[in-house]
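The first chain written gets the first letter, and so on, giving A, B, C, D and E; residue counts start at 1 in each chain.
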Amino acid sequence: MSGDHHHEPGFIRKYVFSVDHKVIGVQYGVTALCFLFLGFSLMMLMRWQLAYPGEEMPFIGNIFGEDAMPGGVMLPEFYNSLGAMHGTIMIFLGVVPLLVGAFGNYVMPLQIGAPDMAFPKLNMASYWVYLLGGIVMLCSFFVPGGAANSGWTSYPPLSNIATTGQTWWLFGMVCLITSSLLGSVNFIVTIIQLRVEGLTMFRLPYFVWAQLITSFLLLLAFPPLEAAGVLQLMDRLAGTSFFMPEGLVVSGVVQTQMSGGGSPLLWQHLFWFLAHPEVYVLILPAMGIVAEIIANNTRKPLWGYRAMIYSTIFLGFMSFIVWAHHMFMTGMGTKISAFFATTTMIISIPSVVILTALVISLYQGAIRFTVPMLFALAFLPMFAIGGLTGLPLGLPASDIHLHDTYYVIGHFHYVVAPGTIFAIFAGIYHWYPKVTGRTLNNALGYMHFFLSFVFINMVFMPMFWQGMAGVSRRLYDQTVYAHGDAVQSLTIMSSWGAWMLGLAQIPFIINFFISAVAGKKVSNNPWDATTLEWLAPSPPPHGNFETVPVVYRGPYEYSVPGASEDFHPQHVTTEA
Amino acid sequence: MSAEVLPYTVKPHPVTGLYNGKFGIWLFLASEVMLFGALFSTYVFLRMGAPETGPTAWPTGEETHLNWMLGGLNTLILILSSVTMVLAWVQFKMDNFAKGRIYLIITAILAIAFVAIKFKFEYAHKFHMDIYPKTSVFFAIYYTMTGLHAIHIIGGVVVICYFIGPGAKLWEENREYYTNRIECTGLYWHFVDLVWIFLFPILYLL
Amino acid sequence: MNRSRIIGIATILVVGICLIAPSVALGQADAPIASGNQIDGDYGYGLPPMLSKDGQGVDDLIIILHWFMTALFVGWAIFFVYCLFRFRSRAGHKATYDPVKAKASKYAEIGVAAFEAFLLIGLSMPIWAATKNDMPSKDDATHVRVVAEQFQWNFHYPGADGKFGRTAPDMVDTVENPLGLDRSDPAATDDVYATELHLPVNKPVICDLTSKDVIHSFSLPVMRVKQDVIPGMRIPVWFTPVKEGRYEVACAQLCGNNHYSMRAEMVIEDDASFATWLKEVGIVEEFDEDELD
Amino acid sequence: MSDAHADVSKHVKTYIAVFATLATLTVITVWASTWHFSHPVAIAVALAIASVKATLVATIFMHLKWEKAGNIWFVIALTAVFFVFLVTIPSLVHSDKPMGTVFTSWG
Amino acid sequence: MKLSMFTLTAVLAINTFVFTPDQCLADGQNSITGKVIFKGDPANYKRTKINTTKDPNCKKAKKTIGSEKVIVNKKTDPMTLRNVVVSIKEGLGKKSFPVSKEELTIIQIGCQYKPHVLAGQAGQTLRILNGDNTNHNIHFLPKVNDEHNFTQPKKDTEKGKTIILKAEDPFKVKCDVHPWMNCFVAIFEHPFFDVTSKDGTFTLTGMPDGAYTIEAWHEAFGKVTAEVEVSGGKAANMDLTFEPKS
């Protein structure tokens, strides 16, 4: 970190092993979008088997090989691999790296006026460890027995006796967790230490707050899974019995090689200690993006900015003590379940507060229906559905019927797919001009939004009815059950929705690449926004700002009475 | 990115009173607490779940085959290395590079001694007695916890050796920066010591 | 304005595809049915039939919750859509800087919190306590041991003496003795092994759930019963069937490649036929060497 | 780090004293383990001594005694809270379970 | 393509005929023949009906199936045992023998494996077919070979899945979807093995002159061995006897 580097770095230093937060942000973004697309493709394959169980897949059925799809018919082991890897890739390789790695890395230092992240080399290391984890995960598809197929939750003993892919999964997860840890340390230090003069904590854009809380969640929730991953690796490679009780008989073979004495519940506790805060890692930065865009496009300060921040802090804290609501069905008594059901009900309150604040922010605004705004607006009802359907799952009694059914799938997909992923799209449309200096095409953008909005609902809405009917999740073929067969038409509808949703992404993909070279050139502040990132040139140079800005006011000073313009940037000296 | 461009790399932030590295290392230690916390949780969980009797009962005293003398010796070694680490920092702080470096070297030697005792006398002896991680959950958690701890020690040794050797160049360029980094290394090192202080009684004595 | 035209075209496109896609999808709905035995009850898009004496509470809670959720969402959505329309950007319209003094939202939030507290303490907790703590007396209940394995449900009836015989992992034979039942144990002589769950109607049932290998989940949708089967634990569940017929036992937790095939059938019948079945299923049918080739 | 050179050199004696205390406590904890207390008492004693030692390391060696930065205290407090949840709650499954549930092999 | 039970059985019968070791020519003309005699009370080893209600497709394919663990040929005199693998255990030294080019076949039909006990030579191709209208799972539980565990889609009657195995003592292959389904596979380095069937006899042919230890293995009764000496192209006759204790 020493010495002067005033000479121009070479291509590799500048664009590949770069320590510039913007390059790393773009690297994260592009890689994660690729993984997002891959994860989505896996799901589209699964949807064929779900809709038309045991039928030959048209067109592409024969390219997956005899071990996965003999004669074009998907085998259950491949289906389970797809399911497990869809979850893992979407969450750990797609959405989190996009929200934190890409948006956090690119936008957050700009929004606080910092020249870079506090530890640039650590930042670079974080990306490369993430990429390594991603490559390990991808390679696992090609090992004997295929990729991990015990679900993204990897419950032992099943995962302990699973094929080699599971070991790869664990190594991949250890890499990804390490990457997140490095990133979160960096984020917290950057936000606390590197804010420019005048940018007090309560003048920070809500997005930065969301990133701060998220980083704390990553920092404190991920290590237990790393430990659990090490324990499972020990179980798989060194023959220990952390998660295995004695006397198991697998396929008629008595498992005498292991000592026993462990418990499968231990994994579930350690896993969900991570995975519940993880849910908020998925949603908080998304809320941050949405809040930025809503304030910008309603031309009005956010309603209840402080209440939102307090709610976010509370949400972050509470998210650590609700984890066992995923485990109501594991033989839990009344006391622990009462505790966790209560905390679960409590944690819904701050979510309601944030959502209310965002919707009241629309009131008396002047809403511009730009493409990012449409995605941000769609986030609100979608997240509301996702949140509300969490209630029956959080109450132990109604969870008896709905646990591990499609209702759960519908619930959390409403939070992360039309919720978080729409927020990601909103963010891409919003900050694309900052990254490239050009805007995305509007017509393609509108097309992308409307098609995605309709079809994503067509995918997930039927799942609530399927869940009500009692259909278990992760079934290779639900028609073997009478109650599943009765709602098979919903599955087919869902599948068609998914494929159509896939087609709906084509305008976006075209837009994303063409506009980078041929999009309309825009000024530094095309959206007439107030936060600091719009002060920097588009794209920002190395070191971000020509002169270090000073901040004089809060983040969302729009439509200040008596001002000549309807926005009043944070760095402008003059009072309105 | 050069240190000069980023603020508070060396000098503490006027409001928070911290330079970036120190805050960073504390956050890192917080995550380490949770990492070992999960292992302690595992220990408590498995121990509370173990039956009173039978093959999966929790071993105590002689049944553990652990040598408390070696464990105790290692505790003393690690505590001593903590002292030398902090003394090294004191010397750097007082602009006394040569003395500080000697303390660092002592720290590294003590750490290597710790690892040597761990591997050469404890692990080797147990492997010799056919005691492996798969023998019972007690040994599973013993090997995992001490193994992970040993990896932390080795990592610390690598960092300390770096500051004894190639990293010492920084002293010429920026003394305060170097001292700060030694402080951060020290914080990590004391944390590793602190973990051992808990590992020793729960594994060897209880 | 150009933008409105784009929105118009997009809407037409969306509506068009929306109309086509579901009709294509629903047109193919008559997929082959794998299930062979006739399963009783009407299954459709709503909750499955409820055939347990104690399950009504779960249903009530789910229904109340959904009304509550619908009310909240519709109210919220009306305000949302109103805002979108009323405060759209247009010539002559400006945003107001000062925040609206909204008391309503605070009351709504408090209301939501209070109702959630009622749902939790008033409805959920009593039901949960009953499902977990009010085990019926073993004397007047049918007692069944359920042993789950990849990928089959094994049912173990204690027979006339009401005692389960000893089972041991090393006596397991996947074909003839999946339970590992030690027939030399006096308590085991009258034990019955079955792969179908037969139960007498209107009599409480206690199922002791255990697993031989991985985590399974014992799910009886029509009884509103679900309980994970954790290896290393024996967890009882109880319910009282009230209607005769043939129903399904499902596995609700991913338990391996063929998790989907882990299905069993549950037959609820009157006491007499249950007794007959219990006798008959115990009798081993025998075959000569050349039969069944 | 606001302490000046003089302050730092004063600490040296403290460090040595702390080392002596830690070494003594190590001996005591080993010695105490030979007293054959009943099990809960033995655990309590050993953990109490370990906590005292850990506190000494944290306050003196890790300079928490002289630490003024609120952020560090905040992080420590937060971590401590979650640490307690993480270590205690999973083990509660051994005591709170549905009626009739037992931990046993399936056979 | 529709394969009836009959044609499948016919194919099987031809297969077993083709695979008799006398087709695998080795450097001798000697042969060993004999019976595997069962001395015990067949009443203790009755075949029982297996409940297949779990998968309605199995019931459709074959109404009742019985266990195949112990099948005593009661009509022969003396009573003989079916499904016994008879092979040369010792006496061949380090000689190696050409591997038969013929394929071994296991067919899953009526939710049972046909044959129930299969013997083959190391390096021979084993083809696994599925004649049922339901998915099967094939789970190998060997000690030497790889633990194959895969699913086979329904009606996979032509291509199937092929596996080449190493020599190993008889090991179990089972279906996890239908836990009652199992069969045993024995793989040898040499071609001198046979599996007894309805008449309880076996024939090993083509071994060079020498003294051999013959081993018979049965899934319920384990192993018995006997010594035999052959020379000059003559057929040696020997019987092996299983005498279960109870």
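Operating definition for what follows: a residue touches a chain if its C-beta (ideal position, glycine included) is under 8 Å from a C-beta of that chain, and two chains touch if they have at least 3 such contacts.
What you see is a predicted model; the values in this text were computed from it and never measured.
Asks: Trace the shortest sequence of touching chains from chain B to chain E and report its length in steps.
Replies: Each step joins two touching chains, and the minimum needed here is 2.
Asks: How short can a path of touching chains from chain C to chain D be, counted in steps?
Replies: The fewest steps needed to get from chain C to chain D is 1.
Asks: Per the definition of touch at the top, where is the C-beta contact count highest among chain pairs?
Replies: The largest set of C-beta contacts joins the chains A-C.
Asks: Report the most central chain, judged by the distance from each chain's C-alpha mean to the global C-alpha mean.
Replies: Answer by centroid distance: A.
Asks: By mean C-alpha coordinates, which chain is most distant from chain B?
Replies: Here the answer is chain E, farthest from chain B.
Asks: Just the number, please: Cα centre separation of chain A and chain C in whole Å.
Replies: It comes to 29 Å between the two C-alpha centres.
Asks: Give, as an integer number of Å, the spacing between the C-alpha centres of chain C and chain B.
Replies: That gives a centre separation of 49 Å.
Asks: Could you give the separation in Å between the centres of chain D and chain E, each centre being the mean of its C-alpha atoms?
Replies: 64
Asks: I'd like to verify one number: the distance from the centre of chain C to the centre of chain E, where each centre is the average of its C-alpha atoms, in whole angstrom.
Replies: About 43 Å separates the centre of chain C from that of chain E.
Asks: Enumerate the residues of chain E that touch no fewer than two other chains.
Replies: 135, 149, 151, 174, 176, 179, 182
Asks: Mark out which residues of chain B touch at least two other chains, giving numbers and ranges.
Replies: Correct list: 16, 18, 23, 27, 30, 34, 37-38, 41, 45, 49.
Asks: Can you list the chain D residues in contact with two or more other chains?
Replies: Residues 71, 78-79, 82, 86, 90, 97-98, 101, 103, 105-107 of chain D touch two or more partner chains.
Asks: Which of the chains are touching one another, listed as pairs?
Replies: Touching chain pairs, listed by label, are A-B, A-C, A-D, A-E, B-D, C-D, C-E.
Asks: Which positions of chain B touch chain D when the two form their complex?
Replies: 12, 16-18, 22-23, 26-27, 30, 33-34, 37-38, 40-41, 44-45, 48-49, 51, 68, 72, 75-76, 79-80, 82-83, 85-87, 90, 93-95, 180, 183, 186-187, 190-191, 193-194, 197-198, 200-202, 205-206
Asks: Going by the contact rule at the top, pick out the chain D residues touching chain A in the complex.
Replies: 71, 78-79, 82, 85-86, 89-90, 92-93, 96-98, 101, 103, 105-107
Asks: If you look only at chain A, which of its residues touch chain C in the complex?
Replies: Residues of chain A touching chain C: 51-53, 75-77, 80, 149-151, 155-158, 161, 244-252, 254, 262-265, 298-301, 303-304, 329-331, 333-334, 337-338, 341-342, 345, 348-349, 352-353, 356, 359-360, 362-369, 377, 380-381, 384-385, 388-389, 391-392, 395-398, 400-405, 442-443, 446-447, 449-451, 454-455, 458, 465, 468-470, 472-483, 485-490, 492-493, 495-497, 500, 558-561, 566.
Asks: Which stretch or stretches of chain A touch chain B in the complex?
Replies: Residue positions touching the partner: 1-5, 19-20, 115-116, 118-122, 181, 184-186, 188-189, 192-194, 219-228, 230-231, 234, 238-242, 246, 257-263, 266, 269-270, 273, 543.
Asks: Hey, which residues of chain C end up touching chain D in the complex?
Replies: 131-135, 147, 167-169, 180, 206, 208, 210-212, 231-236
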